[in-house]
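Should a chain be cited, it is by its letter among A, B and C, assigned in written order, with residues numbered from 1 in that chain.
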């Protein structure tokens, strides 16, 4: 059997933000990864490392001060080469997004079912009556009594709002779902329920998911592949098994050491002293260098390329130089 | 006095970024030039505002256009308009500034008390501002000023104006300062200062005041423009001091004495322009200061799309 | 808090405020120097000492100010008896009633025009933030804010009457007074042009600024990004997701601005000799006709307070968050 084509293939994605006339913040640099059909990819890293920016870059939802380059192939089409009008047809119909806080992601003055219905009707998937029926089914699927769809978002609890958001994301049967920390705003019990729901849905509907999270436990449980970001660059990517059992990059190793208390309220990790670099004044060498326990001279001056270390397992560190010279294959 | 040092540093930083803001500098220029005119009035004109200008035959020059009597002609009584304008700056700015400062003091004082102590005092003050907010201000002031005047107390009309304006326009400052104080009170160091037994007066002086002061300054500048506009309005309606005409009083005279039907534009245009000059200056200045203190949202979601760079294109 | 509870509180607040206004009015009235009988019957009416005494008793002026006189005044005001105007020698209530509609016509026109234009322009300016349109809108509203109402009126009056031949004041030309309304409509319109224009220009800036910041704030919300992620176009987002949210605060602010509008009416009716409550107020002021002044104040204040209460109720009906929380 031949290897399936990736659903989404991000290549050399670079995102800059114009901070003021001469200063640019380099939020993403040369980010590449693949998402295969029916898979869940975990995107992990400290706060501010560019996880949300990655998702918003792919969907092209960033503000006008952003500058994007690279390619984002979705089913073979480079999304970055489309016009805004063409891009709109892809949004939600093919690529849906669940936000960090469902609190404000739903419009407070529109009924929940109207907001779901809107997505279906917008993409002209079915006539209104049938669409209403579908809204009922969707609400039912995520565990909300369909008649509660007549209510407004503020009448929902936090968990219900996130469920409604998931129902909305599924409205057009997208082939890829982005979930940006879908549970951070919720309390622990509800978090587990919502994650369970996501897992369920993936099984039932067979879509691919890119899950952004702080929580390595969640990654272990839900994901097939993991992409570790640091300071806007991919430092390591591979299967869950590879990452958890043979992490190659010093950052990933530290990250796993600090687990399970990775889901820390403060933005920096307890076990790794120091803070991530400022995006407007990045070090010329390895971005992790100031905090790295294994750094050596070369790290200061030269940025390590992403190397293949095993089958579909990549890491960016000078220490891995001897392993397998495969920079640029991805 | 380490906190005050910090305040000084903050203010100098504020000035640094202010210097680069064109709108703010224009505003400052407008306000300062008006102040200069008020202070230098006697040097800017050889005439006294009440002095009647006479022609060669000794007759009063009434409604003389600027071409006949430069720079701004005369009014219906033969008085020099330019002299009235520069001396009028004194009345207008005195009333506006003093009223503005009273409003600022009362508002900041009550705002700090309400925010810091909370409880029934806060409740009472906030309800009071609610009430003052819905009573139409101009009619209230007119009734107040008219009544106070009728009482024949020994206070000058200008003082009455200052007090009435100052004592009615403190509400917005009070609300603003209160909410700022509330958020400062939440912060750590106030709780720490409390814990080590610092007195209320000490905490307010050392921790609260230095932090709300910049906000108060910005707000005061905005209040000044309101006070100057209100003064001109009350004076236009005849509540000014006819012996010390302000710009509003000049407009009252111009309107009552048919400057419009006489086509004496030099009588009714300059005072209004002067009012716009000062109040626009204050608004520009105040807006810029406020914006610098709490920068508004940087953008919104419909402002446009991110730019996608072609292959090889830089930035 | 249920919505009926909320409405009840608003109602109680309105009542309290009206009470405070009445109290202010009463106290100011008593503070005036001279014989209060004069205040009731007018300054220039000649009456004998006995009549004066009997009036004194009739009006309860021999009783203590509080509570007897206060309650008595309350009763009178409640029954619509606001005393007699000194200068016009007619019941104050009757005079106020006769001028009320002229003012409502003027203010109403000015408000509707400025709200419509202000909301639309503010929407465009906020949506297209940092464009030339936005800069122009901001500059205009700053200058409008800094311009005294009456002075703008004077300028428009001078310009309009000189160059456009528009009437310089009043509501109708003298030859048209008393004719049936539909025959004098063009004349009425000609008289309304300048005062309405003045009001509109001034309030336009205000509403534009408010709408602008409201729409900018709304468009920064997360749910707008959701709408964008759904694939909606800019127009669809504006129309379906932003407009209602951005308009809600406007309702309250329009109501709060009514006090401001009343000031506008006083200035503009004075400048254009427009025969309404504002002009009446100014006349009462210059003639020191206290019963008229206080009656007008009472009417203006109570209407603004009630209008505020109505706006609160309207807001409750429009915003689902208040209605059913």
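In the analysis below, contacts are C-beta pairs under 8 Å (C-beta built on N, C-alpha and C of every residue); 3 or more make two chains touch, one makes a residue touch a chain.
Since the model is a prediction, treat every value here as computed from it, not as a measurement.
Chain contacts here are complete: no pair of chains fails to touch.
Counting contacting C-beta pairs between every two chains, the top pair is B-C.
Between chain B and chain C the centroid-to-centroid distance comes to 24 Å (mean Cα coordinates, whole Å).
For the pair chain A and chain C, the distance between mean C-alpha positions equals 54 Å.
Rounded to whole angstrom units, the spacing between the C-alpha centres of chain A and chain B is 52. For chain C, residues that reach two or more other chains under the stated contact definition are 221, 225, 228.
Taken residue by residue, chain B touches two or more other chains at 299, 301, 303, whereas all remaining positions touch fewer.
Residue positions of chain A in touch with at least two other chains are not found.
Chain B contributes residues 299, 301, 303-309, 311, 313, 315 to its touches with chain A in the complex. Chain C contributes residues 13, 16-17, 20-21, 24-25, 28, 31-33, 126-127, 129-130, 142-143, 145-151, 154-155, 157-158, 161-162, 168, 213, 216-217, 219-221, 224-225, 228, 234, 237-238, 242, 256, 258-260, 262-263, 266-267, 270-271, 281-282, 285-286, 288, 290, 293-294, 296-297, 300-301, 304-305, 308 to its touches with chain B in the complex. Those residues of chain A that touch chain C in the complex are listed here as 59, 61, 88-93, 96-97, 99, 101, 103-110, 118-119, 122-123, 152, 154-155. Taken together, the chain C residues at the contact with chain A in this complex read 221-223, 225-233, 236, 240-241, 244-245, 248, 319-321, 324-325.
The part of chain B that touches chain C in the complex is made up of residues 130-131, 133-140, 142-144, 146-147, 150-152, 225, 229, 232-233, 236-239, 248, 251, 254-255, 260-261, 263, 265, 268-269, 271-272, 275-276, 279-280, 283-284, 287, 296-297, 299-303.
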